[in-house]
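Input: one structure, supplied below.
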Amino acid sequence: GFAKVDHHRKKRQGFPEVVFGEGKTAEQIISIIKALRAKNNQVLVTRISKEKAEFVQKACPEFTFNDTAQILFWKTEAEGNSHGYIAIICAGTSDLKVAEEAAVTAEVLGSKVRRIYDVGVAGLHRLLNHLEEIQNATVSVVVAGMEGALPSVVGGLVSHPVIAVPTSVGYGANFNGLSALLTMLNSCASGISVVNIDNGFGGGYNAVLIHQL
Amino acid sequence: GFAKVDHHRKKRQGFPEVVFGEGKTAEQIISIIKALRAKNNQVLVTRISKEKAEFVQKACPEFTFNDTAQILFWKTEAEGNSHGYIAIICAGTSDLKVAEEAAVTAEVLGSKVRRIYDVGVAGLHRLLNHLEEIQNATVSVVVAGMEGALPSVVGGLVSHPVIAVPTSVGYGANFNGLSALLTMLNSCASGISVVNIDNGFGGGYNAVLIHQL
Amino acid sequence: GFAKVDHHRKKRQGFPEVVFGEGKTAEQIISIIKALRAKNNQVLVTRISKEKAEFVQKACPEFTFNDTAQILFWKTEAEGNSHGYIAIICAGTSDLKVAEEAAVTAEVLGSKVRRIYDVGVAGLHRLLNHLEEIQNATVSVVVAGMEGALPSVVGGLVSHPVIAVPTSVGYGANFNGLSALLTMLNSCASGISVVNIDNGFGGGYNAVLIHQL
Amino acid sequence: GFAKVDHHRKKRQGFPEVVFGEGKTAEQIISIIKALRAKNNQVLVTRISKEKAEFVQKACPEFTFNDTAQILFWKTEAEGNSHGYIAIICAGTSDLKVAEEAAVTAEVLGSKVRRIYDVGVAGLHRLLNHLEEIQNATVSVVVAGMEGALPSVVGGLVSHPVIAVPTSVGYGANFNGLSALLTMLNSCASGISVVNIDNGFGGGYNAVLIHQL
Amino acid sequence: GFAKVDHHRKKRQGFPEVVFGEGKTAEQIISIIKALRAKNNQVLVTRISKEKAEFVQKACPEFTFNDTAQILFWKTEAEGNSHGYIAIICAGTSDLKVAEEAAVTAEVLGSKVRRIYDVGVAGLHRLLNHLEEIQNATVSVVVAGMEGALPSVVGGLVSHPVIAVPTSVGYGANFNGLSALLTMLNSCASGISVVNIDNGFGGGYNAVLIHQL
Amino acid sequence: GFAKVDHHRKKRQGFPEVVFGEGKTAEQIISIIKALRAKNNQVLVTRISKEKAEFVQKACPEFTFNDTAQILFWKTEAEGNSHGYIAIICAGTSDLKVAEEAAVTAEVLGSKVRRIYDVGVAGLHRLLNHLEEIQNATVSVVVAGMEGALPSVVGGLVSHPVIAVPTSVGYGANFNGLSALLTMLNSCASGISVVNIDNGFGGGYNAVLIHQL
Amino acid sequence: GFAKVDHHRKKRQGFPEVVFGEGKTAEQIISIIKALRAKNNQVLVTRISKEKAEFVQKACPEFTFNDTAQILFWKTEAEGNSHGYIAIICAGTSDLKVAEEAAVTAEVLGSKVRRIYDVGVAGLHRLLNHLEEIQNATVSVVVAGMEGALPSVVGGLVSHPVIAVPTSVGYGANFNGLSALLTMLNSCASGISVVNIDNGFGGGYNAVLIHQL
Amino acid sequence: GFAKVDHHRKKRQGFPEVVFGEGKTAEQIISIIKALRAKNNQVLVTRISKEKAEFVQKACPEFTFNDTAQILFWKTEAEGNSHGYIAIICAGTSDLKVAEEAAVTAEVLGSKVRRIYDVGVAGLHRLLNHLEEIQNATVSVVVAGMEGALPSVVGGLVSHPVIAVPTSVGYGANFNGLSALLTMLNSCASGISVVNIDNGFGGGYNAVLIHQL
């Protein structure tokens, strides 16, 4: 009917189709995740509200909901890379939601994660206190709103790839995250690539692809 | 004087500082690359015109110039990853310059590269003819202008990370590459991250970081 | 009074004036459609909510309401082209509302329609499974949000005109459909023309004009 | 080498691949059109300057160059629709170049064309003088710069599809054609679809697809 | 306190300060209009909701509220120009609110007004039916949303000044009235000047200044 | 041929069609102005370079060229309003070109003009020195670039209509005149209407329409 | 946990970290301000609603809430500069909220403030009435919405630094404060620097840094 | 004639009017600076090319030209603040021109300056090497292009005001300095205010106003 679930994806891409919860009804989500659960050993729904998630959980009680990340998931067994980890770094308290979307995505898809939060550039010593832990990661996901300068600073301090995630945190000339997005695309540091504004999922997913090479 | 060369970078980041040639005089470039050459075994200058490069080569005859990529470089010995390769894919003939900037960057930094050019989505069979070669890469750099749809299609066919490079090829509502940039940031395919418009260097550099993990 | 209904339009343009329901009160709509119904054999109101539609239906019980398409219509007899059909294609489940606005508009105006939904470029095989059905259409309406790449791919596979309809589905650098709109305007495929963001009505209407030639 | 000519296109799409001349060298163009000429009976190069065209004509003397349209073409025999015609309408003298790109494209691809030029909305009687000729066309291509209002007026007077082509003619708040583009996308007239700014080729090509149904 | 009422304005500018109701509390409005009423023979409050207006009317019962125009006013005697009139013209039913803001402003400030509504360019005959009435005005205010083409057409038919008022009516690439605004600023017709989006007040006020010369 | 001169315009609009010189060849201009000169007693060509004007003057020696305004014109006899005058006011020395386009347009069309130049808001006393002369005008044209604040200040000091003309003078966040344009559209002063960036012609033309009422 | 309070800031920067209240829960705010209060003699929370502030005050009754400024603060003793003062100037009644955010910030951080409100450029005499008081300040903070012209006028009348604060007051082509922001960045007056739209806090903070030199 | 030199400015604002050289002829500049030199003891012309400056120097040989800063000036005696200094900091070699415009402006207006150049955030140690020198300044001017992150980092390390100057250095999504401008306006560090893109003059001038308090 309304959806053609891409069952071929796990074979083609390593991970099953991830469900974008926004704009789907709870009923639609239930019907899609039942189909996915039958053929995969992980199922991930992003951007799903607490209310919708709880409704879905009644029909699918084996699913877990993470409230900060707004992610509903199910996972049978540990797969993925057992050595190394992904550093998830964020600039301010308000970027937490997006950072957690990245972190939970990465964990459900089988990667180990270390969280280094509220270490924005206006107080550099906070970042430098965690330098070694960051430098030892296989890949970093750096989440920042407002002016979004943190990925440039991290990118200049590490030798691994940095995935930058701009957030819509800010006001006025922030233009809902445009400011942070442009900052990250124009970074002087060389090893940075960027995903969409507030796309914590994309940040986590790309990091997993790199971590699991 | 005018520049503080970042000699510490090779140790901190794995590769020496890359010189951005645009807006620098030939004399400035000579003075910087002599300083870099003394302490590193690769030196890379991007966005340098043929005229400027030839002037520099008189003072530094050991440097090689790649005209399409507008890159001047020097390299002593093969370093880098000997297994696997980076796929550099581009949509149209006009994207060649940016694709070559990515390819030459990657090669100078020590990675093996396979070029798959002029395979844009308006004639899908051209891409599908090279599917296996693409799927076997460790990482892909996908370069496209106009509507920039190629990374979405590639991203849906592979299980490795895709670095998308929008180009400024196009006219009118293309707005100098904005169209392709937005396309890539909004891709439905999950494993895609994006660098700045026409930033072939960034595409190649990120791919090398991933390839050499 | 407040409105000058364009009774001349059916003669001049083949179809009577279509009522844009947004921003009109139910009373205004009733007064306009009664005037139109007296002189035409089809009446179409777009962008009308369920509540307003039900109120109108009390005064005009011969009208039918389509909830997904948000269209209220009345139609006496089958007119229109009896051979061939319009393919209405959409990329994702969230584009359904706009796709249905196109489909219902086309059907009420007398064209036959085939729906091919949820076949976005991130899983190409889904589209290729319906290739023949698409290639045999007289004209296609292709609806897509996010990066809006689907019309480029369809446009490269068919020999008939493609009407592209960008939707506002997405977030962040999607800028409420701007991303998909620019993609479609910059398409490398040649036979594509574009209507406004979320303008399913325009997509359906243009397709009917072409289909009924 | 640098280009993968899409020889399959004529079969798949009815017309061979059209060469976008901008940014290609004369040598590249010669090599591409020789390959195309061998397997097709029409070859079209758009956006090619007089200098480049004359250089190409030395190697390919059977090609004709149209200076206003900046189109180079070769065509063996009359193909295409023998009844009906395409109306190419433009608003001001400065829109001529784009209107001719549409007209010559349509003629080379086998359609009959009628030109109605310099009939912008600031002097309505000029348009109304040609009303019957416009209403009798199978499809209209309406080209306009500045505020781009002409397609709305034409669209309200005819019962066939209108392809609107915004041009970059204007200054200041015209923003290189953005003004005309937005006007056309927001038209109150229902049967209008839009191509990229200055895309006369796209206007002509879409009209041919419709005319030859 | 919070406001410095500009009592000098009537002498300097011919009309007293007009109160912008949006964002002011009913109490603030009462205190301002009492001060204004003491020294002038007209008082005008724009952009005031029905609720706020009714609250103000309790304290100032001599004030009249116009619901469509969202204007609250008080006026002792007829002043102003007794010959000629202002034509207030609008394109669609949805532009009524802004057109009425212009009309009521002009009437309160002492000008005679003729309303010609719902005569947009998609059905030209409706406008042409009122041509003489429009041509005989001293000045026209032309209000339009969507693509905003009406002022260009009117501007080409009259020999008096046209004040164009873009409205935010529309969706998608309308960008809240930007489309109509750009159209009007780029008009080919020469005697057109433009005020802010939805600024019916400005349209009416400028027309009065011209009418009362 | 290429142009349909609007001979009807003088009757319909009071003034003959004005020729927009940009993008027209000298030959095209000669052919158009010969046709206009035959039926009118004023002919005006705007945006014409010195070179083109001198070429045209060889064929039409009765025409006068104003270099600062880039206007070429011919005029038989004094027509127009003999009482009152238009004040043309500009903010800085760099706005002169646009101010002169307005002034010369107004003079050729028969109005008396007073020029008050280089009186921008950063040195208010310069403006206040000319206050009486400005207040006594029938209408003001206020030309300003950079932040474009001058019309707001003038608008608060006079009781007649103000036509504001933004210029593209400035750099950086000026965005080629966008800054001044937005300033003028958002003015707190009530009697201001706006024309396109750098449209001195439009400013002058609108002022004449008002002056000659 | 979720926040790394920057206790080092008072030593490094002269003032403790200011808490951005938007998007933080009352509980989070309580935990942060308790930590800050223990080590500083001023604590400032901006952008906090009345509801949240009252909740926080239950746990921290020594805190004061300023409703217009939406600021919650605590302060032990008078510190700061005892000679001179900061002039806080605003254009209209609707800019009050932002002006008060600046004023209260400055007062809590220890500076003396003079408020000169509702003195926008449309009625210049109101500003000129306070000229001496403004000229005698050490630094001015000038707050304005709509076209934002006030800082240019003030900047041309004083010999001290001016901090300009654009507000989002306005509609239509104001684009939520973009208009005022661009005006201020492009000011012809030389001694003006700008902070983000609606950033009264930043205006006040910068003024204090200057005042306390 | 064409210019009204603001001789009153030195008294009103502390410094004489500064001449903006762009778009003025050498003759105009000579006439203005002769007038200024007669009544002041400093004269400053910015944005003047070498060619124009040399021409002016023939008539005014007492003037000095600084080629990097594109500033022509004359100065009789040392005035200004003798204690403290302004730190002028820039991120990359390409920002030099703008940094020098700030530095030379400040020096001519009588302030002492320290230059700290090429210390961008991608190599933090370069900045930290100069930390004490920066922290001891009275005020900093921080110049940066690309992503413009340097002011945020400096702003978090000092207790004095920071004037941020975005430059147009960069390409693609830099949009001619928009990226750096937005970054600086959205900075998390509190004591930062911003001037226009490439406005080194404004940066220097504001710093002098603060330094000379």
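Labels for the chains are A, B, C, D, E, F, G and H, by order of writing; each one numbers its residues from 1.
The rule is simple: a residue touches a chain if its C-beta (ideal position, glycine included) is under 8 Å from a C-beta of that chain, and two chains touch if they have at least 3 such contacts.
Just so we're on the same page, UniProt names per chain: A, B, C, D, E, F, G, H = Nickel pincer cofactor biosynthesis protein LarB.
A quick note: this is a predicted structure, and the numbers were derived from the prediction, not measured.
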item	value
Identity of the chain that, by mean CA position, is farthest from chain B	E
Candidate from C-D, B-D or G-H with the same interface as D-F, over half of contact pairs in common	B-D
Contact-richer chain pair [B-D vs G-H]	G-H
Chain A-chain F separation of Cα centroids, rounded to whole Å	56
Intercentroid distance (Cα basis), chain H paired with chain F, Å	36
Shared-contact residues (touching 2 or more other chains) in chain H	92, 122-123, 156-157, 172-174, 178, 181, 185-186, 190, 196
Every chain pair in contact, whichever chains are involved	A-B, A-C, A-G, A-H, B-C, B-D, B-H, C-D, C-E, D-E, D-F, E-F, E-G, F-G, F-H, G-H
Chain G-facing residues of chain F, complex	91-92, 120-124, 146-149, 152-153, 155-157, 170, 172-175, 178-180, 182-190
Contact set on chain E toward chain C in their complex	93-94, 96, 117-119, 122-123, 125-126, 169, 171-174
Complex contacts: residues of chain E adjacent to chain F	12-15, 18, 138, 156-161, 163, 181, 185-186, 190-196, 201-202, 205-206, 209-210, 213
Residue ranges of chain C touching chain E (in the complex, touch as defined)	2-4, 6, 8-9, 17, 20, 22-24, 28, 166, 168, 176-178, 181, 196-199
